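Read the structure below first, then the notes.
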Amino acid sequence: MKVAIAFLFALVLVLVSRSQDSSAKPQKRLEDLREKTILVFTPHPDDDVFGAGGTIALLNRNHNKVYIVVYTNDDKGSYDPDMNSQRLAQIRRAVQEVSEGMLGTPKENILWMGYDDGMLEYAAQPKLTEEATATIRRIRPDVLLSVDPGEWYERWHKSDHRMAAFNTIDAVRAAEFWLYFPNQKLQQGLQPYRVPEMYFFYPSAQEANYFVDIEKAADLKFDAALKQVSQFEPAVTKYRPDWDAKDYAKAKEELRAKQLRKDGHYVEAFRYATGFNQF
Amino acid sequence: MKVAIAFLFALVLVLVSRSQDSSAKPQKRLEDLREKTILVFTPHPDDDVFGAGGTIALLNRNHNKVYIVVYTNDDKGSYDPDMNSQRLAQIRRAVQEVSEGMLGTPKENILWMGYDDGMLEYAAQPKLTEEATATIRRIRPDVLLSVDPGEWYERWHKSDHRMAAFNTIDAVRAAEFWLYFPNQKLQQGLQPYRVPEMYFFYPSAQEANYFVDIEKAADLKFDAALKQVSQFEPAVTKYRPDWDAKDYAKAKEELRAKQLRKDGHYVEAFRYATGFNQF
Amino acid sequence: MKVAIAFLFALVLVLVSRSQDSSAKPQKRLEDLREKTILVFTPHPDDDVFGAGGTIALLNRNHNKVYIVVYTNDDKGSYDPDMNSQRLAQIRRAVQEVSEGMLGTPKENILWMGYDDGMLEYAAQPKLTEEATATIRRIRPDVLLSVDPGEWYERWHKSDHRMAAFNTIDAVRAAEFWLYFPNQKLQQGLQPYRVPEMYFFYPSAQEANYFVDIEKAADLKFDAALKQVSQFEPAVTKYRPDWDAKDYAKAKEELRAKQLRKDGHYVEAFRYATGFNQF
Amino acid sequence: MKVAIAFLFALVLVLVSRSQDSSAKPQKRLEDLREKTILVFTPHPDDDVFGAGGTIALLNRNHNKVYIVVYTNDDKGSYDPDMNSQRLAQIRRAVQEVSEGMLGTPKENILWMGYDDGMLEYAAQPKLTEEATATIRRIRPDVLLSVDPGEWYERWHKSDHRMAAFNTIDAVRAAEFWLYFPNQKLQQGLQPYRVPEMYFFYPSAQEANYFVDIEKAADLKFDAALKQVSQFEPAVTKYRPDWDAKDYAKAKEELRAKQLRKDGHYVEAFRYATGFNQF
Amino acid sequence: MKVAIAFLFALVLVLVSRSQDSSAKPQKRLEDLREKTILVFTPHPDDDVFGAGGTIALLNRNHNKVYIVVYTNDDKGSYDPDMNSQRLAQIRRAVQEVSEGMLGTPKENILWMGYDDGMLEYAAQPKLTEEATATIRRIRPDVLLSVDPGEWYERWHKSDHRMAAFNTIDAVRAAEFWLYFPNQKLQQGLQPYRVPEMYFFYPSAQEANYFVDIEKAADLKFDAALKQVSQFEPAVTKYRPDWDAKDYAKAKEELRAKQLRKDGHYVEAFRYATGFNQF
Amino acid sequence: MKVAIAFLFALVLVLVSRSQDSSAKPQKRLEDLREKTILVFTPHPDDDVFGAGGTIALLNRNHNKVYIVVYTNDDKGSYDPDMNSQRLAQIRRAVQEVSEGMLGTPKENILWMGYDDGMLEYAAQPKLTEEATATIRRIRPDVLLSVDPGEWYERWHKSDHRMAAFNTIDAVRAAEFWLYFPNQKLQQGLQPYRVPEMYFFYPSAQEANYFVDIEKAADLKFDAALKQVSQFEPAVTKYRPDWDAKDYAKAKEELRAKQLRKDGHYVEAFRYATGFNQF
C-alpha cells in the first residue's frame, strides 16, 4: 500500500496539521550515524559547505562515506572583467576540492555533473533527472542531503537552486521505480533504490524541523568556506587566489555573526523527510 | 469589464484578506446538482477516485454526465521487477474503468490523453494546453474538477501533479478566448467556452473552502479505490490482479482511517473558485 | 563578500524573521526621486498602468526618465468573434501609447519585446532572459519596477505574469555578471550592471512593504487605465474604440472602488528589494 | 526477415544500381484501383491539388475512399496588408473544401491537423509523428500519397514541405510497430498497420518513376486549382474572393502550360515505393 | 500568381532539366552594381572573406553599401590549451573588423547576431529565423549573399553552416509575407520585403552558375583573409596575434594555390537565384 | 593553417572534381592494422554487424582493441503483439553481446548510450553530441567507424540512422577543440583528441571508395548476424529465441545472396575520410 497510502496519508496530514509532520524524527540522529553512505546534492560548488559544511565535517569524522554531487561549474559568478568562464570553472573546482577536503571529503568523492552556472533551469529534461537518478541508483545512499525544494524558496530558487532542488527530489522518486529510465537496469545493470532518509538544507524558518549542533566543527566550517576565496570580496571583484590577513579576519567574523545559533550553539538547520512526496 | 476588473478585484482582495475569498460560495451546492455536465481532470488514473471518488459517485447518482480526462497512463509505479510498462498501462486502464464504473461513470466517458507516467512535466507545450483546451471547448462543462494548482503544493506537485494542475487551469483560461488556438474554431468548429465553476481536489488545509459530505458514498469509494489493486501492497511489489481477503480488509481499514472527517461524517475537501485567476 | 554573504544573510534572516526583511527601506522614497532612470517591466500593455500607474505619473512629474518594457502584444484577450490577433495587437499598442502618454511617458520610451499574448511561458529560454538582460545593461536603471515573482502568486502567475516576473529577476541577476551572455559585452559593447533598487507591483498582502500615496495622481490613473478600452466591458465582448458616457462613468466608479486605500488615501502597494535573491 | 533483410536489400541495391529500384512497379496501377482507401498527406491546403489533383479526381471517380490530411492552415501566404491570419485560415479552409469537392472528395474526409503555416518545422516532436501515426492506424489506407521526402528536395523542402514529407514517412514506419506510441493501442484501441504502397508527389526528375495520365481530369484539375484564388495574382496581393474572367483565363493558360506532359498527354509524376526505407 | 506558379514552375523545370535553371542570369552583373545595398550573411566571422572576399572588395569599390551579418562569435576553433572562449570571441571580432575593413566594409556595418560557435544548430527556433527576418526587413537589400543551402552540402553543412544557410533562406521567405512575425510590423514598424536577387557562396561544383572575376582584388582578398591569423597555423595551435614573415608568405602562397581559377583568372563561384524556392 | 585551409581545400576540390577526393587512401589499409584502438558507432545493436561485421572480425583477429558504441536500445522493432519494450531491449542487448562476441569483441567493450529506439532524432541536443564527444576523448581511437552521414542517405537516414551519423561526425569535430564542452577537460580531465581516420559504413554506391575483402570472415559474419534472431522472420513477428534449422538455412542463404561482392569476393564497402568536413 506504499504508494497510494503514503499519498493519502500526506493529504490527510495537511488537512489536519502541517506542524505534526514537522515533528517527524529520524530513528537515529544524523550526527550520530557511523559507516553509512551519505549523498549530498549541491547546486554550486559551495552550497554544500555554506549550507551543511559543519554537518559534513561531523559525518566524515564519524567514518561515514560522503559523496558530493555538484550540479554546476559555477563559471559565471565574478565581477572581475579579466576573468573568463574556463578559468573560473577551473578555480571553482580546485577550491571546492580544498574546501571539502578540509571537511574530510576525499577529492574522488566529488562528482561533477558539469552544467554551466546559471543555466541549470535550461538543462535538457528529463535527461537531468535521468542523470541524478543513475547517481542515486549507483551510490545507494543511506541518507541524502539536498537543497530544499520547499515552497518558501520558490522566489529565489528560480534558476539553479530551484532546479537542483526539484530535480534531486524527482530523481529520488524515479530511483525507486525501475520503469523510470529502465535502460539503467537493462543496459547499465543499475537496480532501483529507495532513499530512506533525506535532510534538506536551506530550509525556510517555518519548515526547519531538524538542527545539527555544529559547535565542534564551526570553526573548521568557516575556514573551509573561506577557501572559496573567489566567492568573497575582494576576490569576487578583482580575482586573487588568496586572502590578506585583515580581509580574512573580517570575512570570518561575518560568517560567525551570520551562522545560525540555537541555545548558544552554532547549528545548521534542515527539513527532515522520509519520502519524496512528504510535507 | 470582465478581464481587467476581475483582475483588480483579485489584487485588492488579497491586500485586504485572503480568507474572504475563501468564503466564496456556489449558488447551488455541488452535491445537489442534477443533469449537469461535469468534467474531471486527473493526473493519473486513480487521483480522481482518491481525491473526489465519493463526490463523483454522488454526481452520477444525481444523473449528471460525468467525464474523466486522464492525463497519464500510470505505466511506471510498480516495484515488481517482472512488470513492464505496456502491461502496467493496460492494467491501469482496465482497473480505472472498473473503479470509475463502480462510481457510476461509463467507460466511454473516460478520455485518455495518453501521456507517459512521470513525464507530463516534459510534455510538449503549449500543445498540452491546446489539447486540454479542445476538450473543454468540446465538453463544455457546467462544473470542472481538477487537482489544485495551489501554492502549497508546489513542492510535491513537481512533475505530473503540478503539470496537470497548472495545465488544466491554463486551458480554462485559453478556452474562454477564441484567439487562443484559433484553429480549433476555424478548422474544428469548436467555439470558445467559459467554465463557470471549479472545484479543486487535493487542496491545502489552509485553502480548502468547500466540503462534500460523502457519508453515503464512502464505502463505495473505498471499494472502488481498492479496485486499483496494483497501487497497493502487496500487488505494487509483486503484481497480482486481485486481493486475498485479509489484505483487502486491512487496506480498506486504512482507507477508512485516513479519509477526512468533519462533524463525524466522511467528507472530501475542495477549493472552490469561479475564475482562472482567482485566489 | 557580496555574493556569498548576501546569500547567507538571506538564509539567516529567514530563520530569524521574515518580517524584519519586510522592514527594509529605501534611503530615498521612490516618489521623491528626481532625474533618475526608471525601468518598468510589464507582462502586458496595461499591467504597468493597473499596477503602478499612479506611481509612474508621479515619477514622470518629478522629471525622471521612465522606460516601459512590454513583454507581450496582448493579442488574445477579447471575447469578440470578429476580432483578430493582428488587429488586437495593433489596438493594444495604440492605446498603451495613449495610456502611458497620459501618465507622462513618451511613446519612444515604450519598448516592445513582441511576444504573443499567453505564450510567454513557452518563449525560448534562456533567450528571453538574454533579451531582458541586454535591456537592463543598456538602460542602466536607478530603479527597476516589475511584477512580483513572489511565492504567493505562483498559482495565477502561471503563464505570462509568472514568466515575466521570474524572467525579469533572472535578468537582474544576469546583468550583474558579465560572464552571463558575454557576447553582449564582447560584441555589442554592453557593460554589466547592478540594479540598486527594485519595487515589485502586484505583491501579496503579506509581503507588501512599501506604499506610494497616489492621491494626487489617482484620477489621472483611472482615466489612463480607461484608455485601454478593449480590456473593459462592453468593448472586450464587442469591440468599439471608445466609450459611451454611462459606461465610462460606471467603469471609473468601479476602478475607484477597487483601488487600494491606506489612511484615507489611494495608494499603490509594492514589495521593495535591493537584491535578486532577497526575501 | 522483413526488417533486417529489407534493409540489407536496400544497401546492396544502391551499391549496384539506383535505377533498378526506380523500376519497381505496383501490381495494379494506381489509376485502376477501385473501392480502396487512399490517404493523402499534404503540407498545405493546395499541394494535394497542385501535386496530385488529377490523380485524386481519377481515384474518386473509381469509387475509392479518399482522405486528405492537411498539415497546416496556410495562414500566412498573402501580400495583402489588410489580410489577417484568422481570416486567411478561414478562407484557405473554405476554398480547399470547394477545390477538393470538385475533385470528388467529400468535405468530411478532409482532416485538418491545425498547425500554423510556415511553422511545421517547429512543431513539437515526436508529437507530430505520433499524430500522423494515429491517423494512419485509424484510416488504414491501401495506398498513401505524400510529398516526397527525397534527397533532391532538401533545399526548398526546408520548413513545411520537408517536415511534412519526413514526418509522414516517419509515421509510416512507426505505424507498423505497435511499440511506437503504444498508448494508441493500449488506450485508444488503434492496432498497428503496415502501409503497402506509397506514391510521392513533387518528386525530382531523376527519381520520378511513375506517371499517371490525367488527360481526362486535367481541365477539372486546373479549375479546382483555380478555386484557391487567394494563392494567385491578383488576390494574393489584394484579396478578392473571386476572379474576373480575363485573369482567370490567363491563369488557367499558365497552369496548362506548366503541367507536365508525356507522350502528348498531361501527366502527374510520382515516386513509387513500398517501404519506408526504400530508395 | 506569384506563389503558386513560381512553385509549379520549379517543379516542371526539375522534371525537364536541372541545368536550364542554372542558366538563370541576373540582368545586371553583380560586379557591375553601383550604389546598391548588399546584405551578406556569414556563419562565422571569416566565411564572408574566404567565400566572397574578392567580390565584397569589388562591391565596396563600386560604392555599394555592404552589410555583413555574422551568425556566430567563432569562440571555439582553437587548439591552444591556454585560449578561452571570451578571449577568442574578442580576437575573432577584432580581426573580422580589420579583415572586412581592408575589403572596404566599415566596422559599423558588421552586425553580430552573437550566437556561440558550433551551437547555431541548437539556437532557439523560430526565434533565429525571426531575427534574420527583422534584419532583412530593416536593411532591405538589393542583393543578398549567403552560404549555399544546397543539397550537396548536407554532409558538412551540419551545424553552423547548414543552419546559417537554411535559416537565411527561411528568413528570405518570411520577410516577404508580413503575417510571418507580424509584430515586426505592428510593434517595430518593419514592413515586409522581397529580396530580388541572391548569390550563394560555397556552392557545389555542379550547381555553381555564376563566377565573379576577382583578379583585381585577389591579392587584397588574400591579405584580408590572412588578418584572421588565429584561424591559421601556427596561431591556431599556439595563439599569437601576428605572423612572422616566412609563415605569412607560405600561407599566402597556399591561398593563391587553392583559389579557384577560370580562364586564367582568379574567380569566386556562386549559385545565383531570385526566389527562395528556386533550384 | 589547418582549419581554414582544410576548408578552402575542400571547396576547391569540389569545384574541380568530386571523384579525386574519393581516391583518398589510407597509408595503411584498415584490415592490416594491428594493436590499434578502433571505435565503432552504431545506431542500433546490429548495424555494426550488418554494415561492418566482417571487418570487425578481421580487426579483432589482428589484435586491435575494438569498442562498439550503441546509440539506441532497439526496443521497438517487433511485430509481436506480446512483446514489450523492456523485454525487447533486454533481448537485443543479450544477442548483441553474443553477436559481437562471435566477431571477437568482448562484452565489456560494448558501450550502451541507452536511447530509446526510433527516438534518437528527439534526443536532447547538444547533450547527445556532448556524450559522444566524451566517448571519443576517452577512448582516443586510431580509427573511427560510423554510419555514413552522406547526402544520399538523407531520405532514409531520417530518424536514428541520420541522427547517429550526423551526431558522430559532429562529435568528431567537437572532440578536436577543447573549448567545445570545456567541462570535460576542466572537471573530468578529458583532453581534446583529433580522430585521424574514419571509415563510414552504409555508404552510397557513388561514394563508396574503400572495400574490405571479408572473404575469410564472411561465414562468421553471417552466423553472427543471425544471432540477432529477433530481427528476422519468423521471430520478428512471433518472438522465439532460436531458429529451427530450415529457417536458419534459408536466412543465411539470403544473407549470402545479398552480401556485396567484388572480384568474386565478399566485401564490405566504406567511404574513407580523414576530416570531419571532408567530401
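Per-chain numbering from 1; labels A, B, C, D, E and F assigned in written order.
The rule we apply is simple: a contact is a pair of C-beta atoms (placed from the backbone, for glycine too) under 8 Å apart; a residue touches a chain by one contact, two chains touch by 3 or more.
Keep in mind that this is a model prediction, so the values were computed, not measured.
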### Query
Taking a step as a move to a touching chain, how many steps at least join chain C to chain D?
1
### Message
Considering only chains that satisfy the touch condition with chain E, which of them also satisfy it with chain F?
### Response
A, D
### Task
Matching residue numbers in more than half of the contact pairs is the bar here; say which of C-D, A-F or E-F clears it relative to B-D.
A-F
## Note on the structure
Cα centre of chain A to Cα centre of chain C, whole Å, reads 34
### Query
Whole-Å distance, chain A centre to chain D centre, using C-alpha means?
55
### Query
Quick one: chain A and chain E, Cα centre-to-centre, how many Å?
48
### Query
Distance-wise, how many Å sit between the C-alpha centres of chain C and chain E, to the nearest whole number?
41
### Query
Can you list the chain F residues in contact with two or more other chains?
84-86, 125, 151, 154, 179, 182
### Message
Which pairs of chains touch each other in this structure?
### Response
A-B, A-C, A-E, A-F, B-C, B-D, B-F, C-D, C-E, D-E, D-F, E-F
### Sites on chain A touched by chain C in the complex
46, 50-51, 75-79, 81, 83-85, 88, 117-119, 121-122, 151-152, 154-156, 158-159, 202, 204-205, 208, 225, 228, 231-233, 236-237, 251, 254-255, 258-260, 269
### Query
What part of chain A is in contact with chain F in the complex they form?
73, 85-86, 89-90, 93, 112, 114, 116, 124-125, 127, 179, 182-184, 186-188
### Summary
The residues of chain E that touch chain A in their complex are 84-87
### Task
Can you check the complex and tell me which residues of chain F touch chain E?
1-5, 7-12, 14-18, 125-126, 149-151, 154, 166, 169-170, 173-174, 176-180, 182, 192, 276-279
